[in-house]
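My questions will all concern the structure given below.
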């Protein structure tokens, strides 16, 4: 499924990348995405999902092809600019939250972009409200539960008001209730979301669009339902049908 | 309970104390830090025979514990790490210094006994006053004070990160040792054959974590510095440490002559 | 080996703070010159790692006891001496604040005794020269044991020296040293073995993570040895000298002073010897609060019976006042709530 040209926030054309010259991790990736979309990226372990994510945020810049975020080519010169538009939620919340209190951590991004203290204050309040954890504001990070840490991690990104939010395995290590809560909250956020996950049910619940990656290529790009119901396609690429697929068909 | 769990619990308790809403907690961290250091400085500056004024110096930790509603048990428990060396250093004084310098009801007390007592008091006071500081001031606030004192940001940021990740790492250490003990129930520590792999793998994982932390900072605009929330200064922030400082000086220079 | 505040005189604490701060400022400059923003988070996470590993117990074969990892050596083998030193400062400060291991005033001493020797002597004088032509299992083992033993000996000797100069203990210097050094010899050996095991693993899994392997000495611009560098060189030489002396002291504890007469206390206290006299002289000269030492007088200041009673009365009154203060404060609070 190709989305329309207007409102294009992410544009990837013929993108290829390799860590060392010998082995190519990503081959000829083409992808465009518009505001408000939510895209799930699925695929077996080690096929380049995380690499693709890290390319989007400019952690690697020596790629071939075109990669544009909010109209800017991702390169060393543009990095500061790119990163104002795109946020990354790490798989391990403890790596994401490196300050002792939630308030300071959520304020970290806005402060670095030189906003006034009042504006920082406002951003923190809004971001915490969006993920429904205002009461954790002054809590010490170390004391939070896994679910709370995940929501706080998302708040640290929301406070920067990015156009694109990238999430690496957001549902991992969450209990069913926290997972359900996370799905609800993610569906309330209206920025472009790109989510990688092995939790295919989670993708089904949060993303309308889905990309299947294997051996560094996009194998399928389409509606989440169509791709995630396609047993043969999934199994051919080392995945299995989501649990809820049985219920829906 | 393993020693790791004990440490984790101690950390928990301290963080709970730091989060209390007590007026001592909300004093400016710089004043509290300087006050603590000055108190210890004055305390250890007393001569080894100056027992009486040193007893009076107890008023500061007593005030801190009573008014600050801290547990004496916790404070004294914190002596355990430094006590062995202090005892080793002081315990022989009575054997070497036998001059009688004080008579109580006809019984002579030697200089060695007095100097041992003053050494112990100094040890207690310094640990208790440091506890008052850390029970009312978070490490982040102490870091804020350090930045005001012009400690380079490289050091201060590293301190903040060590503090943040100590809890995470301690929990990992706990999991590692528990997993190890469950499979090696008869050992009271890690067998030498596992030294390298067990800690080594953990180290490599930690390096990967450091990489993630760095990327997470970078993606939120990190350029080498942490800007911190500013603390407002009120009159009490200056008065509280200033009054105590004055009291210490009075004890040190005037009371010492009377007692 | 953490020193407590009670064991140091203000002048000694101050001096050691200044020395440690000097080494720290050189390190900050070096780390800044490297201009690697990644270094800071790596230092923080590795510092927490080393802090946590200190809580692990390693069984020592053939004994019932257990040992720990040597932080300074470990950190400088991973991060280099400068970043390693700054990280150790962080570890020591957090240890001191959270767990009262060491003291706020003695922090300068502890940084010097543990971090300075461990990082600078350990990394620059032992690790790097040995790893000059590449690393191997044997070389890592050798460097780790040598580094840990030597730097711990220097540290232990410094502890003895600082305590002596502070005039805290009546224990003869030689006895103190003769107790400290052999204990730390054993500890150093075990720490060296544990540290080596971990570093060998790293060498085999991710050799690029080890610092200073296959690196020759950093080229020093000829004739342009800066003042700071000179100080560092002098400090390292002084540390080395101290280490050598300490080795001798532990190898040949002065037999005379071990005698029973000494322990019985009949012999003169001059056992502490010249070092103590010089030290007192230095302390008198540098003391920030100079007029307290009762030099030749026999009557100790503030040691009369009535004085002690008076002191106890003051303390009792304060305790009463504190409880009263707390009582009224909480009452006021309740009223406000009500």
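Chains: A, B and C, in written order; residue numbering restarts at 1 for each.
Assume contacts are C-beta pairs under 8 Å (C-beta built on N, C-alpha and C of every residue); 3 or more make two chains touch, one makes a residue touch a chain.
All of these numbers come straight from a predicted model, not from anything done at the bench.
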{"item": "Starting at chain A, fewest touch steps before arriving at chain C", "value": "2"}
{"item": "By count of C-beta pairs in contact, the leading pair of chains", "value": "B-C"}
{"item": "Most distant chain from chain C, judged by the mean position of its C-alpha atoms", "value": "A"}
{"item": "Central chain of the complex, centres being mean CA coordinates", "value": "B"}
{"item": "Rounded Å distance between chain A and chain C, as computed from the means of their C-alpha atoms", "value": "46"}
{"item": "Cα-centroid distance, chain B relative to chain C, in whole angstrom", "value": "16"}
{"item": "Chain A and chain B: spacing of chain centres that average the CA atoms, whole Å", "value": "42"}
{"item": "Set of chain C residues in contact with two or more other chains", "value": "41, 44"}
{"item": "For chain A, residues that touch 2 or more chains besides their own", "value": "98"}
{"item": "Contacts with two or more other chains, residues of chain B listed in rising order", "value": "11, 139, 160-161, 163-165, 168, 209, 213, 217-218, 222-223"}
{"item": "Chain C-touching residues of chain B, taken from the complex the two chains share", "value": "3-4, 7, 10-11, 14, 36-37, 40-41, 43-56, 58-59, 62-63, 66-67, 69, 78-79, 81-82, 85-86, 88-90, 92-93, 95-98, 101-104, 111-112, 114-115, 119-120, 122-123, 126-127, 130-131, 133-134, 139, 142, 152, 154-155, 157-166, 168-170, 172-173, 176-177, 187-192, 195-197, 199-204, 206-207, 209-211, 213-214, 217-218, 222-224, 252, 256-259"}
{"item": "Complex interface listing, chain B residues touching chain A", "value": "11-12, 15, 18-19, 138-140, 160-161, 163-165, 167-168, 209, 212-213, 215-223, 226-230"}
{"item": "For the chain C and chain B complex, residues of the former touching the latter", "value": "2-10, 13, 24-25, 28, 31-32, 37-38, 40-49, 51-53, 55-61, 64, 66, 69, 78, 86-87, 89-91, 93-94, 96-105, 159, 163, 167-171, 176, 179, 193-194, 197-198, 200-202, 205-206, 209, 263-265, 269, 288-289, 292-294, 298-308, 310-312, 314-315, 318-319, 322-323, 325-326, 329"}
{"item": "Chain B-touching residues of chain A, taken from the complex the two chains share", "value": "54, 57, 59, 80, 83-84, 86-88, 90, 92, 94-101, 103-104, 107-109, 111-113, 117, 138, 140-143, 156-157, 160"}
